[in-house]
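Two complexes are shown next, each including chain A; its partner changes from chain B in the first to chain C in the second.
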Partner chain A sequence: MRKPDGKIVLLGDMNVGKTSLLQRYMERRFPDTVSTVGGAFYLKQWRSYNISIWDTAGREQFHGLGSMYCRGAVAVILTYDVSHPQSLAELEDRFLGLTDTASKDCLFAIVGNKVDLTEEGAPEGREGEGCSPRQAGGGPTSPRVPKQVRLEDAMAFYKKILKYKTLDEKNVPAAEQMCFETSAKTGHNVDLLFETLFDMVVPMILRQRAEELSQTVDITSYKPPKRTRSGCCA
Partner chain B sequence: MEAGGDTAAPAPGGAGGLEDTRFPGEETDDSEGVHAGPPHLGDGDLEETGSKAKDQPHSPSPLLHSEGPSSTRTCQLWDSAASESSPMGSPESGSGGQGGDPNDEDWRSQRKHVFVLSEAGKPIYSRYGSVEALSATMGVMTALVSFVQSAGDAIRAIYAEDHKLVFLQQGPLLLVAVSRTTQSAAQLRGELLAVHAQIVSTLTRASVARIFAHKQNYDLRRLLAGSERTLDRLLDSVEQDPGALLLGAVRCVPLARPTRDALGALLRRCTAPGLALSVLAVGGRLVTAAQERNVLAECRLDPADLQLLLDWVGAPAFAAGEAWAPVCLPRFNPDGFFYAYVARLDAMPVCLLLLGTQREAFHAMAACRRLVEDGMRALGAMRAFGETASFSNASSPNAPAYSVQAVGAPGLRHFLYKPLDIPDHHRQLPQFTSPELEAPYCREEERQRLSDLYHRLHARLHSTSRPLRLIYHVAEKETLLAWVTSKFELYTCLSPLVTKAGAILVVTKLLRWVRKEEDRLFIRYPPKYSTPPATSMDQAPHNGLFPGL
Partner chain C sequence: MMNIKAFTLVCAVERELLVAGKECVSIECVECCGRDLYVGTNDGFIYHFLLEEKPVPTGTATFTATKQLHRHLGFKKPVNELRAASALNRLLVLCDNSITLANMLSLEPVPSGARIKGASTFALNENPVSGDPFCVEVCIIPVKRRTIQMFLVYEDRVQIVKEVSTPEQPLAVAVDGHFLCLALSTQYIILNYSSGVSQDLFPYCSEEKRPIVKRIGRQEFLLAGPGGLGMFATVAGISQRAPVHWSENVIGAAVSFPYVIALDDEFITVHSMLDQQQKQTLPFKEGHILQDFEGRVIVATSKGVYILVPLPLEKQIQDLLANRRVEEALVLAKGARRNIPKEKFQVMYRRILQQAGFIQFAQLQFLEAKELFRSGQLDVRELISLYPFLLPTSSSFTRSHPPLHEYADLNQLTQGDQEKMAKCKRFLMSYLNEVRSTEGANGYKEDIDTALLKLYAEANHDSLLDLLVTENFCLLTDSAVWLEKHKKYFALGLLYHYNNQDAAAVQLWVNIVNGDIQDSTRSDVYEYIVDFLTCCVDQELVWAHADWVLQRSEEVGVQVFTKRPLDEQQNSFKPDDIINCLKKYPKALVKYLEHLVMDKRLQKEEYHTHLALLYLEEVLRQRTPASSQGAETTETQAKLRHLLQKSDLYRVHFLIERIQGAGLPMERAILHGKLGEDDKALHILVHELKDFSAAEDYCLWCSEGRDPPRRQRLFHTLLAIYLRAGPSAHELTVAAVDLLNRHATEFDAAQVLQLLPDTWSVQLLCPFLTGAVRNSVHARRTMQVAVGLAKSENLIYTCDKMKLKRSSVRLSDKKLCQMCQNPFCEPVFVRYPNGGLVHTHCAASRHTNPSSPSPGART
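Then we have the complex of A and B:
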């Protein structure tokens, strides 16, 4: 049985593209939008490690579960929509608090999705499909708009997080490394985001394993109390 | 039915034809109610009551801005639409309505509208059109309700020409159906109850009540965002694939009995801590279910709750990954959450739902799923599902169905069959079967027509004042025969050229076929799901005490 080694959680307001980012990375496609119910669990083999990824619902309805998905997480991807400043503000207001249950050395990535919708756009579709982003963005659904959230805003938010978590800037990756602008539609920066994160997470997994030998905090090995006598026979 | 509605309802303009006073589904009976209705609705009384009810949102814009960030964003999108809508009259008065909604014609030509609003008149859901543009309309509805309420009564239905307006108050929520389908008021009420159950299943009754007690003009759309599609699908299914809601029964995947029994045994074998219920389903149809008696002891799952779960797991959100989400079963306990593990099994259209009481049990459930998956592989169950799928003529591979041709009764186009003679010990799992909808019922309008006919016959059979047992109905494009006995309830749709004798022959053939196939069509002996409750009293405190989020 494959047991996940480390947990990454995608957080962010509804409709910023969390599910789309993950599907673009895992399945190399950009499917129709569906509204996530609760959270969806994926397992990604990275080198010899099984990394679990939780794609959570941004809907307020499921807010109560957020801290559960985050428990023991080694990395959290905070996602916003570059064309909606409010979605960045929501990260601070609604989602940052959920990460209190994450592992204490948890990594934070700030991701501005939907750059294909903005005028600056993605310079080129990195590993995207044949069509150029210019074409994709010029489709009937999405006229280009000026970008509403600048990368610097995301970096400022990153520094705020460090302050909130009372982390020393010297001990964690720099903001430049952890702030991404992506497009799930064209694939721009999507692989970079996930693979950068996976590489950073691996040493943490090893550290966690070492610690686990002394103390057990990992929820994944949670053994519930015996509840009935009948057990599995019936 | 509760008494008391009858006296006060005529108050708004004397339009109160009340549901029990006429035969459901008989338009001709509506004659007296018609003329009094619409004109009065529009002008006189409503102005008055509208101002009486305080906090009525007359203009849509201020209320949109008062809410939190997420709704502010949507309101930018809708603002233009909303401001145009202010001169709206009373579109729900049917034929006489004079415009207002931006998409006027389209919107008003819909056969059936369903609205959900808060007691304060705040829009929560509308099947068609943007909720924001309908603020004024919803204000009128609240006014109607509170006017009747002020007389110490409750409005239940208004019959106006070819429209029926059905009102349902559930706690702080008001649900309204405005329909010109043939559905009876009772059927519409059933639909509204299902909509309400759907809302409760995502939020719980307690939290809805708490929210509105705390803030009367809360915008519940914030919490329901993303669930609207589920409501849309529920309402569409009534018109496009009738049966489940109409008959109050679940549809089963046809499957050879040994396979089904083996799967049932497999589900019983695979347990996890706190697991209460395991369900295997394909395309919203039940394969088998197993209920854990230790957790759900005496409480048996209500069929409406099971149907709700079947609809729920059909959502596209569950197509990928392994989902973990809270869900409330309104009939079982409207105030608490279960936690549901939902996954499509390995390359199969089969969906596994594991419902438990423990919030943190995801990984235990995931382990349980692997056991089920391995077990199914060992049973060769995929092959069985493959066969089921090929038995069907075509349609989507996700919905294993069978063709009406399988019956071998020429002239038979479609039917709904609900057995009533099932052994007493599993009466709690009402089921029905029907073949897939084939030509000529491929297009939306044709399916609606068939659905209308079924609803109409159902209303006549179950009329409270004059119930019937057998109806032979010659419609314009088909002939229908509906028949209810102590053993079954049956609706058949036949070719229009069939004779009465021919119809009887077809029905006889159909009944014989069902008898022959019943082990495959229905879960005759549901596993554990129906075993008598465990007697151990010490398990009882676990029931219904799952705290909300």
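Then we have the complex of A and C:
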């Protein structure tokens, strides 16, 4: 098994479309998905680097696994559903805490999925009206509705994250850069999301590698401490 | 979910062997170490069996267990756990919360009575850190204390090395190096017992379900997670594999690469670690123990012990392939890479890729098939051999054994479906076309190209000709038979040509043109033959077919001689031979002579005269029927005139004789002109033909490239002819005026003025006079300029001479010759422009000896 060079984790409430986003990007399709059990991951070759992208289960039952999945992550994609304000609130209440285990300079992307369902959503691919791209077990089919969550809300949340992580806004990418509105169904902004992140992640991988190197101890230069005679055999 | 058969369940210890007659006795724990199998029971007995594996050539091995010994531990408590430390020849026995050491063979407790008390469970460190081969590292979970303890266990003593407290009561443990993976009551953690650093993995409710902690390899553990997940975690606290999805009530897990095996109340399930998919389900009731021992997986109920025998990976892969599950087979094969020696793996993997390729091929998934064939480095003949009759009869190829697929040929594969057959053939065409230029084709280029030729011929494909006119390895005999069968005679000719059998090739094409054989590949085979012969270096072949090509078309056929490449023309075909041959074909002969005279510019009187004569004959032949004087000049006539004017080589007298009385005044005039009889020629033009412009033309072309006086003479002659007729011939007077006005510069104006009749008005000759005056003025001025320039040049030289003469040179004894450094004895010297003085003889010797120093140019 190839060892990935960096890890990106998708977090978010159930039914916001994490699996669909990932499948849209990796497999260029939008199939019906079933509720993710536990987690799954894809390996993506980006330039000469292997990046693993973990899809996590949004269900409460698997919530406890999130911390472990996030451990050492170089980026976390926090996903909500633009037609469900609660899904954004959940990110703050339940999911942000899981990212404590992520790498210390971890990047955060806030992604509002399902813009195709809203009135101002991406215009492409409106056939199949009414069969909403919800994950199986999903809610009621929704006709076009006014967008419930504005991009500004996501940006405000992004700034909250920075505060929570006590990160200086100057040292991290701006909110405008890291907040996306996507549609896994039409593919709107999906490539942009992942590829923007990959490009940002590569320098972090390089930095991490450099740090690892400097921490490596050369065991060949180790000298055993001088033995002191133990009392009993003296 | 599609299943594969990864394991077979075989019985190892029958219940009769163990608990004969005692119904209440049940198995508590199992340990297996090499061939030694130990079983602990609920009534305090340890049984020792010897396992014997009986391999069955076809199918799964069977096991028989022979009981060696059994021993009662002394109290009626169940034996909770057994672990063998084979290096120490000791069995660690957990019973009644205390771990004792027993001899592995005799099952007797060690005399020292060494034991660890108060242990609820324990685990051996399979990745020990002490480096001492005579001890094992054991981690125990003490009863009712929130700690874990590390012990070193020797042959007959135990030694505690570390005690670490834990945040909650630990329930299960696995060890790797310094790392403990612990199931606490509400969560799993990784604990480094040497540094004390711990890391939370994930929460888990031990009250609902029994936790499972299982070391599956270096620094990696398998844990029972929420919702029936089998979670993977490394000592760093991260997950590198996606979880597997078990049932909710899993009670045991084991690993046998690349599978994770889990046990619940009713089933043994097998998941692949490579794709996380469930691969096999074996019904197994009342099982309560599932463990792997150095790769051997054992399950047990309370009454019997069973072994899960893995099927060889190759067999599993073959099963998958047999079920057309290509993707899974490849994943499994790739996953097996590290378990199989590299050389062996590569051979195996290549074969699997090839097999997978044929499966895709049979499903007409050509893109996938091609990629698999390519990466599997398939001997392309395997594929060709599927297509009947494509491999050359001489090919030494036999299909690999065991076969890569189950198909005898394409007919069987497509079941006679013509459309599928055609698709397969198209695929092979494109595949062979790609392969033939790669390294993979080395060694069997003949087979590939011959097969490709056959496919193209059969499909009437345009590339057939491309294949044959470029470098190829088509086998002659095989290909020839096939091309004949498919009536590709033109292509067959190309094949013959490629094999240096030009005569056969040309004969075949000739037959096509003659209609003896039918092949509609090209409609211009005749022209092709002509081109072919034109470039053909084989003279005999050209001569052999010369008559044939000329008979079909003189004009085209003669190209065989006229369009030959320049380099070989000189030394091979002799013009006289060709002319001889062309005698029967007048049109061709004319073309050929034109080629010699015009294109090659051969300066040979014979050819020029011959050509002129042929033209003349043709002109005469054309004139006779019409015989109307002054008819339009024909093309041939134009050619004749052109030749007569331009060439100086033909025999003029001979032609004049032939032309006499033929009524060709223009031609006659030209011929007279060639003889220098301008008067005669112009007379014919002016008086016979009355063609004044032709007369002017005559003056021009006749004097072309000659000296100007000749031209002037010609014009004056013409003028004289015009004027001689006198004023009564009004027509000629006009012609004379026009001539003067149009060609004013060609005349000597002074002479002309004397000739002209006095009656002519100035106005009439205005253009001529203006031109003449202008000419004369121009000449005068030009001369004046020249005179002026010459004068000024003369002045410049005079000035230079003056300057040089102005100063005097004084000779004294002190003045030395610059060359010989001697004084001047006579008043004679040479002075250079820079003022240097030398002896005359020195200056002379300097010019004969250029290496001496040069003081400058001599004046």
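Convention: the second predicted complex is superposed on the first by the 192 of 234 C-alpha atoms of A that agree within 3 Å, B and C clash if a C-alpha of one lies under 4 Å from a C-alpha of the other, contacts with A are read in each partner's own complex, and residues count from 1 in each chain.
Just so it is clear, a residue touches a chain if its C-beta (ideal position, glycine included) is under 8 Å from a C-beta of that chain, and two chains touch if they have at least 3 such contacts.
Predicted model, so just to flag it, every value in this text is computed and none were measured.
Engineer: Contacts for A:Gly39 in the overlay, against chain B (first) and chain C (second): which applies, first, second, both or neither?
Structural biologist: Both partners, chain B and chain C.
Engineer: So, does A:Met14 touch the first partner chain B, the second partner chain C, both, or neither?
Structural biologist: Only chain B is touched by A:Met14; chain C is not.
Engineer: Quick check on the superposed pair: does A:Ser67 touch chain B, chain C, both, or neither? Answer first, second, both or neither.
Structural biologist: second
Engineer: Of the two partners chain B and chain C, indicate the one touching more residues belonging to chain A.
Structural biologist: B
Engineer: Is A:Gly97 in contact with chain B, with chain C, with both, or with neither (first, second, both, neither)?
Structural biologist: neither
Engineer: Shared contact residues on chain A, chain B side and chain C side combined as an intersection?
Structural biologist: In chain A, positions 1, 37-41, 59, 61-62, 64-65, 68, 71 sit in both the chain B and chain C interfaces.
Engineer: In their complex, what parts of chain A are in touch with chain B?
Structural biologist: Chain A residues touching chain B: 1, 13-14, 23, 27, 32, 34-42, 55, 57, 59-65, 68, 71, 84, 86, 89-90, 93, 219-220, 222, 224-225, 227-228, 230-232, 234.
Engineer: Quick check on the complex: what are the chain A residues that touch chain C?
Structural biologist: On the chain A side, the touching residues are 1, 3-4, 7, 37-41, 59, 61-62, 64-65, 67-69, 71-72, 101.
Engineer: Show me the residue ranges of chain C that touch chain A in the complex, using the header's touch definition.
Structural biologist: Spelled out, the residues of chain C in touch with chain A are 187, 200-204, 225-227, 229, 231, 233, 236-243, 245, 276.
Engineer: In the complex formed with chain A, which residues of chain B make contact?
Structural biologist: Touching chain A from chain B are residues 69-70, 72-73, 202-203, 222-227, 229, 268-271, 273-274, 294, 315-326, 340, 342, 358-364, 366-367, 370, 528, 539, 549.
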